[in-house]
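In this document, chain identifiers A, B, C, D and E correspond to the written order of the chains, with residue numbering beginning at 1 in each.
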Amino acid sequence: MDSALIPKGVERCPLGRFLAFIAIVGAVLLWGVVAMFLIYIKGLNQTNMNNAYGFALWIWADLAVIALGGGAFFTGLLRYIFGKAELKNIINYAVLIGFVCYSSALLILAIDVGQPLRAWFIFWHANVHSMLTEVAFCLTCYFGVLTIEYIPLILENRQIERISFFRHLAHNMHGIMAVFAATGAFLSFFHQGSLGGVSGVLYGRPFGFRSGIGIWPWTFFLYTWSAAACGPCFTILVTRITEMATRKKLVKDEVIDLLAKIAGWMLVTYIAAKIVDTVYWAAVTAPAMGFTLMDFYTNNPGSAYGLWILIAEVGLCGVLPALMLIAPSVRRNARLLFLAVLLAVLGACLNRWVMILQMQAVPVLPFERWFTYFPSWQEIATTILPVAYGIILIAFSYRYLPIFPQEAELNPLPEGGR
Amino acid sequence: MDQPKNKRYGMVIDLDKCTGCGACMVACMAENNIPFRDDDTDKLLSVSWMHVYRLSNGKPFPQAEECFLPRPCQHCEGEHGHSPCVSVCPATATDYDMHTGIVSQIYTRCFGCRYCMAACPYHVRQFNWWDPVWPEGMERALNPDVSVRMRGVVEKCSFCYSRYQTALNRAYVEGRRELAEEEYQTACAQACPAGAIVFGDLNNPRHRVHRIVQPDLAHGGRPRNPKAFRLLERLGTHPKVYYLTGRDWVRRAGDNEVQKS
Amino acid sequence: MFPFSFEWVWDLGHLVFHGALWYALSILGIGLTYCILKAAWQASRGEEHEHGHH
Amino acid sequence: MKIDRRSFLAFVLGGAAGTALSPLPWKLTDDISIWTQNWPWTPVPPKGETTYVDSTCTLCPGGCGIRVRRVEDRVVKIEGRNDHPVNRGGICPLGAAGAQLLYSPWRVRQPLKKMDGRFVPVSWEQAIGEIAGVLRELREAGTPEAVAWIADTDRGTTAELCRRFLTVYGSPNFIRTPCAQDAWETALYLTQGQRATAGFDLERATFLLSLGSGLLEGWGTPPFVFRARGALKDNNGRFVQAEARLSKTAAKADQWLPILPGSEGTLAFGLIHVLLKEGRERKPFVAAHTAGLEELKRQALQEAFSPEAVAQATGLEAKAVVELARAFAAAERPLAVCGRGAGRVPGGLQETLAVHFLNALVGSVNVEGGVIAVPEPEYIRWPEPEMDAVASKGMQTPRVDGAGSERYPHARYLLNRLPEALLQGDRPAVRVLFVSGGNPFYSLAGGERTEKALARIPLIVSFSPFLDETAAAAHYILPAPTHLERWEDVPGAAGYPKPVVGLARPVVPPRFATMPTADVVLRLARRLGGPIRAAFPWESHEACLRQTLGPAWETLRRKGFAVEEGFKPQPFETASRKFEFANADLKRLAAFRPLPAPGDPGAFKLTLVPFDTLRLTAALGAPPFLVKALESEILLKNDIRVEIHPQTARDLGLADGADARITTPQGSARVKVYLTEGIRPGLVGMARGLGRGAHDRYLAGKGVSANRLLALVEDPSSGLEAGWGIRARLERA
Amino acid sequence: MEEPKSSAPSSRSEPGQGGQGDGAGGAIILFFILGLAASLLVGWVAFPALLYSEKRQPVDFNHALHNEIVDHGCASCHFFRADGGFSGAPKLAQCIECHREANSDDPEEIRFVEEYVKPGREVPWLVYARQPDCVFFSHAAHVRLGGIDCAVCHGPMGESTSLRPYQENRITGYSRDIWGWNIAGIKRNSWDRMKMDDCAECHAQARVPGGSVQTQKDGCFVCHK
């Protein structure tokens, strides 16, 4: 029925099955939308946040998806600036995943604020000293870049491409994509960094606070770095999951291997820097503020924030995947590669959780106790909403747009096909 | 225009005098139009600019001791007014005023991102999770000098700035530009039946607050009075709320510096 | 955001921050405008370029 | 012309461009955000001229000077008067929240009459007429003494008018709600021969020993006591609190003596024992101004009051008792006080006497820094009313509460005995009950039995401005104006050591069709006619007030209060003109004996001890600000939390915050537990003031009332209420 | 629209063929202009007209006439209170001092006396300069301390012989005088607008030293409450 829209030379599942899939995911999306409207109408009392937990699940989700969306900027940087031509075979998908991540982040931010209708004050009345201002500006601008990068893909749809203007537009945009990518990389560097700065500058919160260079705490650089390392891992992870879901090979192993290798080395350097940062923070920064490392990890209810979290983040989800990814034998083993990128992705998510949630859970006043929090269903639903939205957008993009340049080559149509 | 000398308004709370009665909280609520709800027992969801903490020395019966610690906004000065919350506000909805040393806020500018709440180690910043609702008739007791905050914004103690505004107005009409110490007092200081709260200008050597704590203004206002301390001195927030106590354990409980060393 | 808004201060922080911002925005804006105008021009001229850009 | 997709697109593009170039999107964006800044459902208090009115707070017997800030005709803030001798600028939380009482939507707006269990509005005319009708019938039946009146004070014009009304009507049953002053007044009378209230010169004492008094929890006049506590600190004085739990008072004391509950009297006698045994009494004072020391020695030097025995009874060490006695005696101006908690339970007379003896032994009676006999105000000098035969006969009948009888010769009011009296006989002894101030349906202990007894009264008239528990149980509510809407003379401040009279004034005009209780009395008197009418020659309460106060009226109106600054206590008025440790009256009293907590210790292993907090009140309930300020250690959601020691909790298998069920011989209730090291193991501490059956939605239905779980305990020496706790059981729920 | 068939081919013309005749291009431009004009009209004319509701003052007050009679100019009726506040629109009690009875046969005055003075009803004046609740404005600081003339902010109100209609923003509830009567927000006189930027502008000109660490202008609470 929709064959006219499907790219040439590839096969897609029947429309009915596709729509059934969309309907299922759409139901989840709808659940999130209901929760979102509930929050818009009734206010943030629908969440389980409180005056001690001003930032909660959403901000974590925000930081996590942006870190994971970092695959777009870093792959773009490698492809357009450093000239890693092989990556052109995965750049489209990286851009799409980035687009999903960033649009989700903006959506979550729009739900998260107490006065959404005044949210534009962040731009108009901008306080340039606030990391959040930097986040907002760079995030919005970079989302613009991702949109610019995504538009040509849409324009390459078989039907749209038939229109001369659009075809030319897509071509021209491809032509100067390096300029956009460079700008994107610049913006990305600053907003990934400023997200790291969000907790790093809080000198009232010894757990989050880091010293650094000038106005930028170490976390500023660590965040950019970790996004550059874990973003590509997420791209690989989603590509693999897409391949599993479509039961097709979509990207050649060399491409994945190259990206994984680069991500691996990024991760190695990142985790080394992270360890140095942790040691310095534990030995110098925190004691100077009157805290010992173990103050941050003990006496919390149920050991929810025990030392295990540090070991899991740095060791299990940091050092381990880094070492795995730089080993060619691991990269060649599909399962181990999958495990490695999965761990790296979890590591990034865990890092963001620690820096936002644990940062607030740690009592600072000596007579206060740990603050614990569990999100309400409305928070969970609105956090899952972008996931559903992302799956739907990816599904549509995959079905109707030439996302994977190598798909036709890797999956030749049987005789008699289109 | 010649400007009056900069003030540094601050507070001294004598923890040995404070009885934890809550008059400061109630006076503050009445002065500043603090909303209340059917269930306000979850203090993490409740708005109260002044909160009285209950501190315990952690010893077993009968050596157990308790102390009450009223906590208004500390009006941190940080380094040159970069208090933890002020510098993080993305929309410049909160500010540090060098003329008074007060951390001020425009509620109508705030769009509720809550970054300042995450930044404040004292939990003085509170969010309006609900629309403020007064039972029929009780809104008549609202004070027009303080605007009522809508749902979705952060608020905190302002050192009763509206009382400063009205006091200044009165002075202007009388042709004066400077206020006497007693002309500008916060609602909590005025109400405290135990006389535990003293309020005034730390820059002014004649004011009681200055005389009591003897602040070392060259070093962020560190108290020279050995009985005085500030909450979390070591963070470098340079609060303008000082506490007095003769009890060692109270001092330790309020200040992580002495606590940990 | 703009020099005429209340919060604007002509200091280094604002110049660097907003300078970088407006610089980035300009590149995006100019680039995009260039692409659109060129495409419109090409479309109206009926030009055609060879395929295979990706 | 071709109108196709392109044209349409062009039109839309043009429209978009035009819209962007018009103010519409920009102004709309701005206006929508401004709309969020001015949401119509967020109230905006109207501006206007600010004025201040000085008045006197009548919410408790303190009588603090208040300064009310008005904006136009609205009360927006209540502050303490800086120039008032009692509170000097300070204010208690309840006083500060006073405007919320004025503007409470749960005020009674017009007279209400209960019909078929529901209140219906009636006119003042009708309500007063119907009540007068019942009163007339009772008089005609020759039983005027079946009318009783409960008031929260027996001083001031309003109270005197009510009492006068009862007198000319023919009933002796005017009852003041119980308070610690009941015991103190009796003690002063018995030892000093003075009809006076006890004032405590706390500000100038240098050693303050409190035997269970909640000095910082509502005892006396809170702002005065608080300031005195500060002064004590400034003067390097010493403050010792003997109490079973680490109350706020104990927490702020220099020394906390965690005595076993109910052992305060024993401790006082123990201290006397040490003092006398070691000869540490102030000999010059004792020799010159006291009599009967030998008798006291005989009493106090018994083995039962030896340090060892007292240590046993109080849970302290014998050494601590001896040291305390020595420190007390050695202090420059020592002062001992008693009256548990906020002082709403009088306690045993012998216990108060012991404390008073202790003060006398160190010379702290009627001197600076001591207990001062503050004479009752005498500005009310109305001619004796003429009484008819019915009234005279009625006044000859014994009081329904037994006060002044053979058995309780010195008691003036025994509200605690009323429930039992009401349960006697086929017809209740009281047929009509007026309640002005106080809230007996809530604050009387005894649980269901008390409620059942009070419910036997066929006609209850409440004058409460609010729908409190007593009003809810009444048959008529004749709402009085609140403290900010009426004239009221306020003689004396509880515990203040000087005579002081304050004047409360209408700060704002009455909001509703309310009537001052005194005016209701005047109108009732007019209705009843005859000698009753003749006894009330005043047009209105205000007129009565003006005439009664005479020249003082103008002073009070201008200044708001009158205080006798150079007041000197009167000399003792006993037969010996000395302070008497012993005399015939004292000898007749039942001997001191510590009262055990009611209940079987075998079945009820724990003891429930109630405590007071300033953030809750017994009679008035608590306005929303107070409920908001209530600690989460006391109230969590709708559950009251009871304090127990972690050891007790371990024994019972209860964790902090766990749901539990508390059972006493009086009843049972669900609670949550709060673990604290600040309470003696084996005790359960419970705040008084929750578990309200009426009031507003911020207070009603939260927690349980300790009074329902407690029993009435009668002091054998005086008949006064002396309950301090009850045996209890706590189980996991 | 009557010739969809004939228009279809041209719109569906093959890509890369140029396709459009002059007529089509002209139509595009025409429609673009049409859309532009329509939206400009909506944005500049219809929108402002819809945005504001108009109310008449309860009584038409002649400032000029009163100004001639009174002794102390504006301050005769608009004065400072002892508490430092500014009285703003006069209360009925002030009016009654002169208008216990109608002093003229002016029907408006007679109506005022009949409708307000006799029943003792306050006049619900609509205040053109009413600022929102979040704003703290000190007349004392500006008039007593700054020596600023009433007209700087309020314009030549004292010379008006009649009260102009009061317009209220339907969305915000503000008086139109705050945004200014020019919908583009352009002002010619200092009193044309009363937005925060206008306060800031004047403060900048007067070199009012600001204490803010963020903006080097005034701290929030100087103008907010």
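Couple of notes before you dig in:
Everything below uses one rule, namely that a contact is a pair of C-beta atoms (placed from the backbone, for glycine too) under 8 Å apart; a residue touches a chain by one contact, two chains touch by 3 or more.
Everything quoted here is computed from the prediction, not taken from an experiment.
Farthest from subunit D, judged by the mean position of CA atoms in each chain, is C. Note on interfaces A-D and A-B: more C-beta pairs are in contact across A-B. Ranked by how far their CA centres sit from the centre of subunit B, the chains are topped by C.
The most centrally placed chain, judged by C-alpha centroids, is B. Averaged C-alpha coordinates put the centre of subunit B at 47 Å from the centre of subunit C. The distance from the centre of subunit A to the centre of subunit B, with each centre set as the mean of the Cα atoms, comes to 40 Å. Per-chain Cα centroids separate subunit C from subunit E by 37 Å. Distance between chain centres (mean CA atoms), subunit D to subunit E: 56 Å.
In subunit C, the positions touching at least two other chains are 5-7, 46-47.
Among the residues of subunit E, those in touch with two or more other chains are 16, 20, 81, 83, 85, 132-134, 214-215.
In subunit D, the residues touching two or more other chains are 32, 35-37, 44-45, 47, 50. Contacts from subunit B toward subunit A in the complex involve residues 42, 44-46, 53, 55-56, 69, 76, 78, 82, 84-85, 87-93, 109-115, 117-123, 125-131, 150-154, 231-232, 234-237, 252-257, 259-261. The touching residues of subunit E, counted against subunit B in their complex, run 80-85, 132-134, 136, 138, 140-141, 144-146, 206-209, 211-215, 218-222, 224-225.
Chain contact summary for the complex, subunit D toward subunit E: residues 1-8, 10-19, 21-25, 27-28, 31-32, 34-35, 37-38, 40, 44-45, 47, 49-51. Listed in rising order, the residues of subunit B touching subunit D in the complex are 14, 16-17, 19-23, 25-27, 29-31, 33-34, 36-43, 46, 48, 52, 54, 56, 58-62, 64-68, 108, 131-132, 134-144, 147-152, 166, 187, 190-196. The touching residues of subunit C, counted against subunit A in their complex, run 1-2, 5-7, 13-14, 17-18, 20-21, 24-25, 27-28, 31-32, 34-36, 38-40, 42-43, 46-47, 49, 53-54.
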